[in-house]
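Chain IDs A, B, C and D follow the sequence of writing; residue 1 opens each chain.
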Amino acid sequence: MLEELKKEVYEANMLLEKYELVTFTWGNVSGIDWDKKLMVIKPSGVSYDKLKPEDMVVMDLDYNVVEGTLNPSTDAPTHIYLYNKFPNLKGICHTHSLYATSWCQAGKDIPIQGTTHADNFYGDIPCTEHLDVKKIKNSYEYETGVIIAEKFEKNNIKVEDMPAVLVNNHGPFTFSNSPKKAVEIAKILEVVAQMTLNSYMLSKQENNLTQELMDKHYFRKHGKDSYYGQK
Amino acid sequence: MLEELKKEVYEANMLLEKYELVTFTWGNVSGIDWDKKLMVIKPSGVSYDKLKPEDMVVMDLDYNVVEGTLNPSTDAPTHIYLYNKFPNLKGICHTHSLYATSWCQAGKDIPIQGTTHADNFYGDIPCTEHLDVKKIKNSYEYETGVIIAEKFEKNNIKVEDMPAVLVNNHGPFTFSNSPKKAVEIAKILEVVAQMTLNSYMLSKQENNLTQELMDKHYFRKHGKDSYYGQK
Amino acid sequence: MLEELKKEVYEANMLLEKYELVTFTWGNVSGIDWDKKLMVIKPSGVSYDKLKPEDMVVMDLDYNVVEGTLNPSTDAPTHIYLYNKFPNLKGICHTHSLYATSWCQAGKDIPIQGTTHADNFYGDIPCTEHLDVKKIKNSYEYETGVIIAEKFEKNNIKVEDMPAVLVNNHGPFTFSNSPKKAVEIAKILEVVAQMTLNSYMLSKQENNLTQELMDKHYFRKHGKDSYYGQK
Amino acid sequence: MLEELKKEVYEANMLLEKYELVTFTWGNVSGIDWDKKLMVIKPSGVSYDKLKPEDMVVMDLDYNVVEGTLNPSTDAPTHIYLYNKFPNLKGICHTHSLYATSWCQAGKDIPIQGTTHADNFYGDIPCTEHLDVKKIKNSYEYETGVIIAEKFEKNNIKVEDMPAVLVNNHGPFTFSNSPKKAVEIAKILEVVAQMTLNSYMLSKQENNLTQELMDKHYFRKHGKDSYYGQK
């Protein structure tokens, strides 16, 4: 069942190690088959050197395991909530990567100070609000999805243009149109997070991009008038 | 004698290099056989590429070498004191890893600002008081064990829930239910120490976890109601 | 056509990965044949593990592609502008390397605080002004060349003595008398950028080199009285 | 001539790369034969992958090249001055390693805040005064030796107990009883420099070692009452 997607999700999870985004078993990537409305995700707490494509767990969008003998990632409800909320997503990645997580720990958005950022993220990378005590006790992982979606709605941010979010006190989630691309965004986020930690230390005065420079870089890579790369 | 434990302790010591927690011969790991009341520890100042399982030194809990032609780690009395004090420990690891040691040098607890921290340590990671001058001159390594235990007692911290401590001006010790796991905790401590140095630089205002978020993350991985990983 | 130069430019681009100056496809290096007045540059958005010498794109100094089936780097107009402006250059390199880009994001010159800097750059490494909104909308990449040249003219800096510039909010460009050397300068710039971020954190008071120490180090390596290295 | 020492000095120079203390051709190590009063040093500006033992240059203590077709390191006069001044030295190493050089650029001593430091350096690691303008113009490299020696004399520091110095605005020199050990000290200095940069950022209030803790750590590894390692 979903052999192709399982392989894709497995390979995306293995990229987490290659890109140095994880320690031990931390981190997880999922993919989705929108026709069948089934999500494939990494099992919980299995070390990367033992992981196999057939270990991937299949879940439906009502939060039920449909296939697989292993427990799914504990963060699976966050992934499912986000797929339900944003039906144009095809891959989601969660890590505790060093620098992105440092911004989560500080509870701060990453301000847009460079074109490396603007090439990939259209605006400041948002950090979520703190979760209510009650929401932590019940359905914590589900509520993590809710608070992400609330941030995007409240600030009128589109996931197509902002493929990353920092969960306060926790870690980043990234999204894209494939599991592999979600991991690539996680890597880019990590680089941007480190660059902007550095520039913040050099100058507390923000040296943010103008709207025009942000537009130029974002839209030379994205959308119908893009001219970066090969067609 | 204790061939199995020696191998286990040897392999845990070799992990120190793999996880990039040591420079040259720094760092040491021990394990214990509680039935025989004997500890196995790395010899002092032997380089990792020459270390062999049979070089491990066996000591009793009265601080005597029982077997081995090499001198034990100079820190052996700290290990033995801690085993005597906390009989549920089965492995202890000491390093001078870069970021954890930086917090020791600053003489500060690592505040709990993220779930990476809460997944593994239930509260701020404590830094010990300074040692009295007199205690440094006599039985320094033994007194290092004493001041660690005093910190846990005074602050009512349980080693089961707080498997790491920062010795002021010195370096970290980590403990667990096996030598290997003590080294894994040392690696996690190092990551958390670096993340929290970063978040401290981004925001001097503490953005600490609520009690509820700390409970959620710690107890979803530890204790009878845990649901992380595979059963 | 220009097989030798294509190979040289290809190899210089591959050095970007070896020296850890790039993530994914970021960064580009060009070289020039001044007799034929033709520039060779990396194609846009091709990953380094797929790049081949014959993929290099040939352009004339009027910004036209002369040979090559792939699109040239989007930054090609910046390179061409700089070659037209500074006819003693033979190689140009652009990266988003971590530490140099951090200074670009902060919008600050790198002050000359060490001999590592003075061995290679004669003075503070300049950061450009912000581009006018209008210039971003039209011919952005061309205007990036213009603003670099303006900085050098206005501050009376010679490219021979200052083979690097920080483009504000963007990333560094380095130049030299070959594509390979331009990449080597990019590596040295990265090291100097990290050192000076560190020294800035240790001491906000500037501890800049005296004119004499700068002269001594720069001119023992460069110019007719140099005595560093082998003749 | 001096084949054994040349091999030793060559191997020590190659360790600079292994320990990640150098970029390109930066850095140099020397050794000395005190019976013959001859120093062996790396040639200037030769890349490490082309270096051979027979390339090492032999010089006498009057600053003359005695054997070798290549130019000696430009820093050779600093090495020779230090050997003449401190006849118990047998190996000297100079690098531009990242973190030690950052302290040089800030012009600050590294305060003694940890036992990693005290295990190897008995007190704060000194940074030299700025050189007089006149001394830079004439015999710069010789004068670098002079200002190092002056710092040790003025502050009553013994090279046996303080095997490292930070040359202001420049880079570190380390010394020991063999070329290899001088490189090992350079590696330890680099680790201590990074740790103390970190602890400085965590706490501007100094948390320096007491005299007793410094004595305990330094003398458990050095001198007649040492008990670290194997006999």
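Quick note on the criterion: a contact is a pair of C-beta atoms (placed from the backbone, for glycine too) under 8 Å apart; a residue touches a chain by one contact, two chains touch by 3 or more.
Bear in mind that the values here come from a model prediction, so they are computed numbers and not experimental data.
Chain centre most remote from that of chain C: B (centre = mean of CA atoms). The angle needed to superpose chain A on chain C by their Cα atoms is 90 degrees, rounded to the nearest 5.
Taking the mean of the C-alpha atoms as each chain's centre, chain A and chain B sit 33 Å apart.
Between the Cα centres of chain A and chain D there is a gap of 47 Å. For chain D, the set of residues that touch two or more other chains comprises 201. Here, these are the chain pairs in contact: A-B, A-C, B-D, C-D. Against chain B, the residues of chain A that register as touching in their complex are 23-26, 43-46, 70-71, 74, 96, 98-99, 101-108, 130-131, 133, 136-137, 140, 168-171, 197, 200-201.
Only residues 113-116, 184, 187-188, 191, 194-196, 198-199, 201-203, 207, 209-210, 212-213, 216, 220, 227-231 of chain A touch chain C when the two sit together in their complex.
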